[in-house]
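Take a look at the following structure, please.
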């Protein structure tokens, strides 16, 4: 276990370093992206630009700037170039939204994926299976920003069935309203993943149902339900759960950019997208690192979960 | 992005490996294409999606014909103050409040106009052209680079493999849509300048290159796994014992056997590329205005969803149809030449 | 050269002569794109309490399908099961799924070939056994666990109280099969179906497992249906033997009788291919020429026809499974007259039947 | 204020200065527009109001805020020594004493400004307002390298203070006496516009112990009818009536008890909410495709206001083909303001002047030399291009990705193509656009530009075309307009603190600019006022400098 933790930490450091250098490099090559000039605002004067360069360290060598930025990221002192707000504070602001979105969407993905995958696999090549397969392919093929935009308008603004967008926290509107506002965006994200998961699960479950141990379980006189759930599904779920964990991590780390944008959720993903488009490096750096950490940690959790689900695996 | 970038059934990433090692499809050097073709021809889904693909590609190719001979307007031509005769009445192409005309069903402005009074039908056709061009180039880049890295990592193993695999890990730890946005925004501003090669910022090659490179991981990983087990096969051992060089083994023994995997992956990667391009362009980091692409058309359309919903619905539907057809085609081909899902297994079994 | 000695079953209970399993005219056909596959046709078998019945055949002969069908494990979409299979008077073919479920594991238990893949790799073995107990008997967790440990001890697993919480991969092959047997026997079944229980194991372990099965049979008086391709195993364990080929039973006889006087050319081939236990090893073992027929393309008439060196015109018709006069309980499915068989058999392989041949002939002439 | 962006941030420092123009053509469905300052029927006091912004103010710190949202929000909470009158139209552009007793006394040489702080004033936390707080206020602007620091660098010692980089340093040009309230400001260089700077938001007084850091999360204590009582950064801000506020002659008490502003990015939803009376006011206009609906459903609480802004195409005189006057004229002929107005969804008042109509010094250029607004003469333009031998010249038309810059840029590119040039648009990100085209190395030939006023003086517009303001980098004279005659007119006029005295010079410079086709102005942005039905719509003023005057928001 200790070896596992050390390995994971080492890989996290490596990933964080690489990702941060990548981000830093990309944004440093951009022409016309002089942050000092941007911060100087609408009427820049040389005196002021110079003062900004000095105070913010833009006159230092790139390596120093990089080191400084990483240091600030980790001690929470990172400041946005476009409006000088504390990046970490702003991320903390957006995180509940992104977390909520992640929560519901990952729930939908999981439940939807398992339900459809099981329905499909239990009656292979039946009408239900074919229908589900068709739905899955369609789900995988629908652009989320498109379906999201249409949902937001037609179900939201026009029909008034769901809120057209925005976020209501539990403390503001209670659990119901909170959920209600997240329903459409969570579903919009889930379509794709339900499509993917149901197909992955279908394949694995079919394999599992053909496995010898399932035959054993049947021969033992267990109920059909127990055979499917306890024996087949338990094994077949492992690959799907792995995928799911990683996707959750990515959504958490700002991956739901399109959905957050279309549904006006203004979480971490939308913040990242805005910052990236306006070339505001500090938030991009912080959120990318956050995302990378989420992925690495989630990967570790998946591995642990994996070892739990499949005792043959050693950490 | 987590969203819209996963190929059908392709796992998000380096999953902790199920214990099994990657299986390898049987080396069937010839006949892959024929088998695929037969499968496509004989299945309902295959025929339908092929027809859709052909229709979309053909209409995109025919864009200049429609522009010059039917709509009488280029994809970038503004008609802000023009009027056309609709049901015998002169009608503004763009109203005073800036609301563009809806579908006319006539030659001109068949699908209506956008906010600049440009003919949407023409832009849709040209947009398809741009999207397809980019996706085609990007897919080619992805397959080439993916094969290269997968092959090298899987064949040479050791530190080469470690370096490449860690690199792929890192690529997968970042939501790739964000990487795409960052690169897209950065390069759109200044273009790419590599000394000898200069690509202007509005070139279609830039998004193609970005998408192509970023998606490499989805090909490199499975091919690495397959190469890893191919190199242990008897025929490779045999070649080695006869003193064949690494290059020769790769060229003669390994590469031909990657054919199945590539053919299975290609449509899925293509589908993914089309979605990815659309997403990037939607966020303004792909095709640069005023050039149309399906993504920018949807983005423009959403601004006027209330008054002109077709501007969102139509490009999105074409995009979805394209991706759907590619995914279905991918399914059909996979079932035909990789019925035991070995390529998919290799995608899952990583590390 | 001597044929393997066929020991008489130690202490087979004489009293238990009542019929436990009665199969008649059993047919199983699976659907496929190219029409139904008749995996099993017209199988007739009986098994008495306390008896060991061996079903022998190559893979694809229908022996496993027959066994699985008894437990309803071949039921599925499109599978056509015909004929009769009665277990202690219960119609196994017509039984509902839930009726069958109550029999499975409780009254008829099954042990499979590969103990690695047949145990669920992600569940503790104790759990896998206990859940069977709990599925059939309304006992609590603690009670189920206690009985699980007892069952494991009984099959000879050392430190069962600890090992009960281990996972399958933590056992050796032989131990895993013991676990399987413990699982099969934990509810005290009247019939144990063992499908190639020793095939995946090495020779010494094989013997231990067979001994274990026989010992338990003796202690509990249960019946065993042993499905195998290994005549060596049969010879050591079975009371009755049925030889299957191409989905049909081609010969059926008490164990001694079969080895002493095999009637069907296929049986000759099978017996001939057993390596001799004593004497010089031959340079090569005789094998049956050709390959088993695909169930999709069975020849018309006698299924063994295509590989049989003794084929003649009448083989175009399926021979009946008939008893030869004077040998009650010994049936076979071959058109050749009995005398002709004996002559040809000696010509085919001098080893077969030599030991008892004279006796048999004497008896007959007597 | 500057190239603000319409969708997100904008907005609008506008001037409805001239109501006649304001309620022109299409916007007059609204009831009798509040003419001049004398608003009809005062709003009732009381009530808690909510409003919606598309984006959160850049800063809730007067030293830093440089967007319309910020100024609109901060004005009721921070008052400077000087201020602008709480009124609409021309009157709203007039300077008035705020915390100072009177307008400044300016010395003969124009370098010394003397003011006296009113006595007995208390900040919102009850502590006394001190004269030295003024120096602290200016120091914060400079030390935080605010976008507004350019305005105060002319104060003696200001540059040295910035360069030293020490917050507690001294600005030698400012002396304040807390006992008497006397404040003296010495300038290093003469600047006729300095009084305006004192009325700008940046100089809104904050308490002397306000730290030298962005105070958005914890707004500084100031003096005004309201004080900010709750901030959820990027989400909402609430201001409530300031109990320690004493009305000043030109700073009346606010009407509402409290005003809460929420950020809703979806503009379509914003308009829906206000139509349905769920929200009391908006500052951003509805989306073009909603305007028809808004007019139909809430015509009596919707009004379009022309802002003091100008939208134009710059033509770089240092690059081909725009060094040729005929080519520039051709562009003037070819550009159709009617087409552009449609791109703006109707929220553009076409004009060919560079100065906005609400500005002192505006005189309509009549007739427009290159065709009246709403006409285009492509044939003539083609002929001119031919004559200049510029056919087929490659032109890159620059624009940014903010609406409406992008379509406006694409329109120009298409137009240039239609008259014989070979143009293609180049759209770059809004955040780096102006520094990109403001770099001489870019050699931006032509493109999109706009300007929203910082303070109501033509000087704030004409520096964009002043030869003296050309720079290598961060150039704001994108077209490098450098005309001796215009330069002189600007130099003379801006040195004079009395705008009214130099009206003629400004008008002349404006006309020259247009006649020589140095820039192609095409109109002024219109903004909108929309309220819920319980708001006294006419009493809710639209100030030319600060836009929606939240102190006038009240019940019917």
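A few remarks follow.
Each chain gets a letter, A, B, C and D, in the order it is written, and its residues are counted from 1.
What we mean here is this: a contact is a pair of C-beta atoms (placed from the backbone, for glycine too) under 8 Å apart; a residue touches a chain by one contact, two chains touch by 3 or more.
What you see is a predicted model, and the numbers here were worked out from it, not measured in a lab.
Within the contact network of the assembly, the step distance from chain B to chain D comes to 1. Note: the chain lying farthest from chain A is C, by mean C-alpha position. A separation of 55 Å divides the Cα centre of chain A from that of chain C.
Chain A and chain D have Cα centroids lying 40 Å from one another. Centroids of chain C and chain D (each the mean of its C-alpha atoms) stand 95 Å apart. Contact of a single residue of chain A with at least two other chains is seen at positions 30-33, 153, 157, 238, 277, 279, 310, 312. Within chain D, residues 268, 401, 428-429, 432, 436 each touch two or more of the remaining chains. Contact of a single residue of chain B with at least two other chains is seen at positions 185, 189, 284, 305-306. Every pair of chains in contact is given here: A-B, A-C, A-D, B-D. Across the complex, chain D meets chain A through its residues 1-3, 58-59, 64, 66, 145-151, 153, 159, 162-163, 165, 214, 216-217, 232-235, 263-266, 268-269, 272, 401, 428-432, 435-436, 439, 442, 454, 473-474, 476.
By the touch criterion given at the top, residues 211-213, 215-224, 226, 230-231, 234-235, 238, 309-312 of chain A touch chain C in their complex. Of all the residues in chain B, the ones that touch chain D in their complex are 76-78, 80-81, 94-99, 115-117, 185, 188-189, 201-202, 284, 288-290, 303-308. Those residues of chain B that touch chain A in the shared complex are 1-4, 6, 8-16, 18-19, 166, 169-170, 172-175, 177-179, 181-183, 185-186, 189-190, 271, 275, 278-279, 282-285, 298-299, 302, 305-306, 309, 312-313, 316, 319-320, 323-324, 327-328, 331, 341, 344, 348.
Those residues of chain A that touch chain D in the complex are listed here as 30-34, 37-45, 47-52, 54-55, 82-86, 89-90, 93, 153, 157, 164-166, 264, 266, 277-280.
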